[in-house]
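One chain, subunit A, links the two complexes that follow: it is found with subunit B in the first and with subunit C in the second.
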Partner chain A sequence: MNPSIAVILPIAIPLATMAISLLAWKSIAAQKWLGLAGSVLLFFSAAALMWLVDRDEILVLQVGRWPAPFGITLVADRLSSIMVMLAGVVLFAVTLYSLATIDDRRVDYGFFPLIHLLLMGVCGAFLTGDLFNLYVWFEVMLIASFVLLTLGGERGQLEGAIKYVALNLISSAAFLAAIGVIYAATGTLNMADLAVKLRSFPDEGIVTVLAMLFVIAFGTKAAVFPLFFWLPASYHTPPVAVSAIFAGLLTKVGVYSLIRAFTLLFVTDLAFTHNLLLLIAGLTMVTGVLGAMAQSEIRRILSFHIVSQIGYMLMGLALFTPLALAGSVFYIIHHIVVKTNLFLIGGIAERRFGSGRLSEIGGLQRSMPVLAILFFLSAMSLAGIPPLSGFFAKLTLVRGGLETERYAIIIAALVVSLMTLFSMTKIWAEAFWKPAPQEARASLPARHDSRRGRIALFAPIVLLVTITVGIGVLAGPVMKVSYAAAEQLLDPDAYIDAVLPDRLAAEGDLDRQGKLNEQIPTNRNPSTLNGPPTSLRDED
Partner chain B sequence: MDIALAITVGGLYAAGIYMMMRRSVVKLLIGLGLLSHAANLLIFTAGGIVRGRVPVVPNGQSQPITEIADPLPQALILTAIVISFAVLAFALVLIYRTYQTLGTDDLDQLKATDT
Partner chain C sequence: MDSVILRTAIRFLFPLLLLSSVFLFLRGHNEPGGGFVGGLVASGAIALYAMTHDVAAARRVLRVSPRVLIGSGLLLALCCGLAPLAIGRPFLTGLWINITSSGLGKVHLGTPLLFDLGVYCVVTGVSLVFVFSLLEE
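Now for the complex of A and B:
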């Protein structure tokens, strides 16, 4: 069998699961089992993809056998396969958790089909090699997330959703405009083809303008400073399982797109674009953590920490060395696992007391000692205490910064790390150490979870904590994987050659055309490269 | 023609952003609609405005003989229109439900989930 089929499986499996679940609309039990089965299948297909990519470097699937710049291309390189793998892990954990926590009314309204639709969008965005296709996957993901966010129709959910919907639609409009302008400038939307054409694009100013449009479009999705306000306004409102999967995956799609765009497409004006990204990274870290310190509700604190940590992921991209980028990849791996887990743990605390406010809960260390240990490990990992996963991620980023002598960002990263520790100890002291408040103890509902329900609640948390500790213990191999991904990202030629195998034949033409462009600056389009007819604009 | 379209696109963006600055949720939604129209028209303009040059390759040829209108931007716009239709339909239901539940359409009143 052709190995490139594996590229489409992470998109096809959620689609099939969703379709079959919709057929079983009437049966809640059937939808739950289908959701679980679909998540297990996605996990294994992601593992297979990762194995194949490790063997073959880059897998390419030309959908419908249309050759590269014309058809839609699906590409899986190391970073994509790592992201899909993480999506599989998070989906499995959250599905298990939602079996116990999502009420029957929400399941009845299609919770499980929606979550698979969301995953289809997420995996599609990770695997596509075409800008417009990326837009479509973003929208698939967005519409699923809109419904998941509002499902249930509680007051907070609706209020949060208005902000989430409005700001995400603005970013979509910016993305669409950017696509229009980039097509007008180059005549192609295939990322590999774009990478070739933007390199020899005569007008550097236009390329930088395009880069900025993409910073706004992807930056809003990634929740960077100053475009993050939708995130802390909405992430704490839906059921915990939904918050957790959003926290783990959605902003990371934005980060992934930024990494893809600024390693493959916009690498001609590094001094401007990547320094701007570095500034954004620093401000994102600091504002996020300051916001978190002012909060007093578990999920609100964690939401602000997402913003703060997006900064670390961008820091590696902005420094733009193999080591720093490897740090970013490592950080993403660590962050997705730990963040999802902290939301799930916070959810159990909220479930026990019926509130996430730190003033209304307490005493968890005594009443749920196992949960306390699990939280402690995850929180310390988030703050970056050795030997847990966050430590190695931050260490690599800081080493990347030292290598390039960017001391300001290193100081920011270390101070923010300390503040993260402070805010984690705040949760620890309030929710776990402090005795439960009188009124909360009086109104505490009797434990009603069945044994199966408790397994579904704790199994995903134990699984994710194991992975966190595992990343810390096996930091060497994980670092190796991240480093390989970073090196591949910094060598766009491999990506381009994999997508456009006939390029070498056209290379000679390109060189000649490049020289022509130097002589006659008005001839804008190197149209001999096998792109669609692009010379329309030149005639008017 | 390009100039007229460019001005229209700019006008749509300006109107859309102005509407979104208002406090009413309905106006916010109208603003979003205008913004997506502006983006669509921008792609259309970017694709080049050519009259009467059908993008059909004659039988037996592998390339069009004369300059043709680029069909791709129009296909992109169609996709984008369908998507923005779906999303705006959802948003319309959302603001209606919000109004029903919260009893207000003033964005300044919707602050409970903020910090």
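Now for the complex of A and C:
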């Protein structure tokens, strides 16, 4: 078996799950079991991919045996494999949670096939090595997320969805325009090939314009300042399971794309592009957290915190040192787990009181002590209290900032961290500490979930809290993985050589040739599948 | 839609449209056409039938639920993509065989045709889901 088969599995498994669910449309039970089975399979395939990437550094799959840059290339490097792994974890947790919380009507409208369609888009975006293919995966995600957002057709949902779709379509248009310009300018859309061509592109102005178009396109998806308005307007409207998977994964696809673009493609004018990113990172952090402080509904508060934390992830990218970038990767790992979990926990509170408004709920510490502990651990981790995962993520970023002497962003990061703590304390004090309001207590229907239902509700939360605590306890190994990913990102030549193995021979550049010869003993051994490089297809 | 002209015409148009959709599908192998446009024409035929008769009658003509068409089409396309993995080729590589039969001469068959058939089913299924749910409202 060739290892690059592992690259296609995270895309093929959700697709197969979706197709089989469509065949089993009539049976709600079958849909639920299929959804769960698909998420378990995705999880294991992601784990296999991560293991293989750890062994072989970069896995490349030339789809249909068309060699790069002519065909579509799928590439799994360390960052991609980490992201796919996280997607697998989030999908599993959310699927389990949705077994108990998604009503049969929504399942009947295709909730589970849609979730897998969404995951196919997410994994595809993480694994592609081609810009246009990335656009296609973004669209797959957008279509699936639009339907998931409106599924059920409640008034609030439609209102949120209009803002969501409008802004995301604008971002897609910017992305498509950028792809058009980049193709006209360079004649290629393969990322590795682009990286080579953009390095020696004669007109620097065009490259900067392109970089800015990509900041707009990916920045909207990632919800950075000032393009984040769609996120807090829509994330609190759909069912909690949908909010949680959106919160965990969707904006992170934008962040991933920004990291990919600004470590591989646009690295010629660091003084401009990365300083701009740093400014955006700082403003995103601050506006996000200020927005959160003004809110009084659990999911709205958490939504604004997503925005604020995107800033931290960008901060590492903007500082552009191995340590800072490792901090970004660590932050993404921490954030995806914790944020998904906080949405799930908030969902249980909302389920109990039928509302997420802090004024209408309370007393959870007494009535649900286990939930209180789970929330406390996650919230403190989000705020960055040692020894939980968020602390190490922020510590690494701050150290990265100190290394490059960017004190303004460090101060911003620390102050925002303090304000995050404040707003987590607000949820704690209102939802857990204060006694439940009279009318809520009177109208409590005392919802009795079945034993199995309660397991499906709490198991994913316990799992994610365990991971959060685990990342804190095993911060060393996780840091090592993040650091390796960051180093790989800062060495684009390895990526390019893996995708275009015959580039150097074709260029005939003596200097580069010499460098290649030196590299041969420590060859990274990328597992590519294309046979003799000069041959196109032998059939036909 | 109650139009005598259309209802009479559809008796002749229905088989013609279906035939031309198969023609377009096969033609797409080397020339403009293919599963996508073929599927659209097929779903056009059934949509016309649904408009002139009713949706239940069109469902009976289709025999399978459009959702089953989508699912099986996706699975078929995916299987064509995965098949080359069994013999160590990358995802989606075309596999070909040549059949020489006395009646047809040399026929060049391959997984891209099956992939296109998958596309045909998905396109037909998706557009019919739209049409049926709009007509049923």
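Methods note: the second predicted complex is superposed on the first by the 508 of 540 C-alpha atoms of A that agree within 3 Å, B and C clash if a C-alpha of one lies under 4 Å from a C-alpha of the other, contacts with A are read in each partner's own complex, and residues count from 1 in each chain.
Quick note on the criterion: a residue touches a chain if its C-beta (ideal position, glycine included) is under 8 Å from a C-beta of that chain, and two chains touch if they have at least 3 such contacts.
Since we're looking at a predicted model, the values are computed, not measured.
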First, second, both or neither for A:E159, with subunit B first and subunit C second: first
Subunit B versus subunit C as contact partner of A:P69, first or second or both or neither: neither
Which partner reaches more residues of subunit A (counting touched residues only), subunit B or subunit C: B
Which of subunit B and subunit C A:L23 touches, first, second, both or neither: second
First, second, both or neither for A:G472, with subunit B first and subunit C second: neither
First, second, both or neither for A:R300, with subunit B first and subunit C second: first
Set intersection of subunit A contacts, subunit C complex versus subunit B complex: 537, 539-540
Contact footprint of subunit A on subunit C as seen in their complex: 65, 67-68, 70-72, 74-75, 78, 81-82, 85, 88-94, 96
Interface residues, subunit B side, partner subunit A - complex: 2, 20, 25, 28, 32, 35-36, 38-40, 42-43, 45-50, 64, 67-70, 72-73, 76, 79-80, 83, 86-87, 90-91, 94-95, 97-98, 101-102, 107, 110, 112-115
Partner subunit B, residues of subunit A touching it in the complex: 132, 135-136, 139, 142-143, 146-147, 150, 153, 155-156, 158-163, 165-166, 169-170, 172-173, 176-177, 179-181, 183-184, 232-234, 236-237, 291, 294-295, 300, 532-537, 539-540
Subunit C-facing residues of subunit A, complex: 2, 4-5, 8, 12, 15-16, 18-23, 25, 61-65, 74, 529-530, 537, 539-540
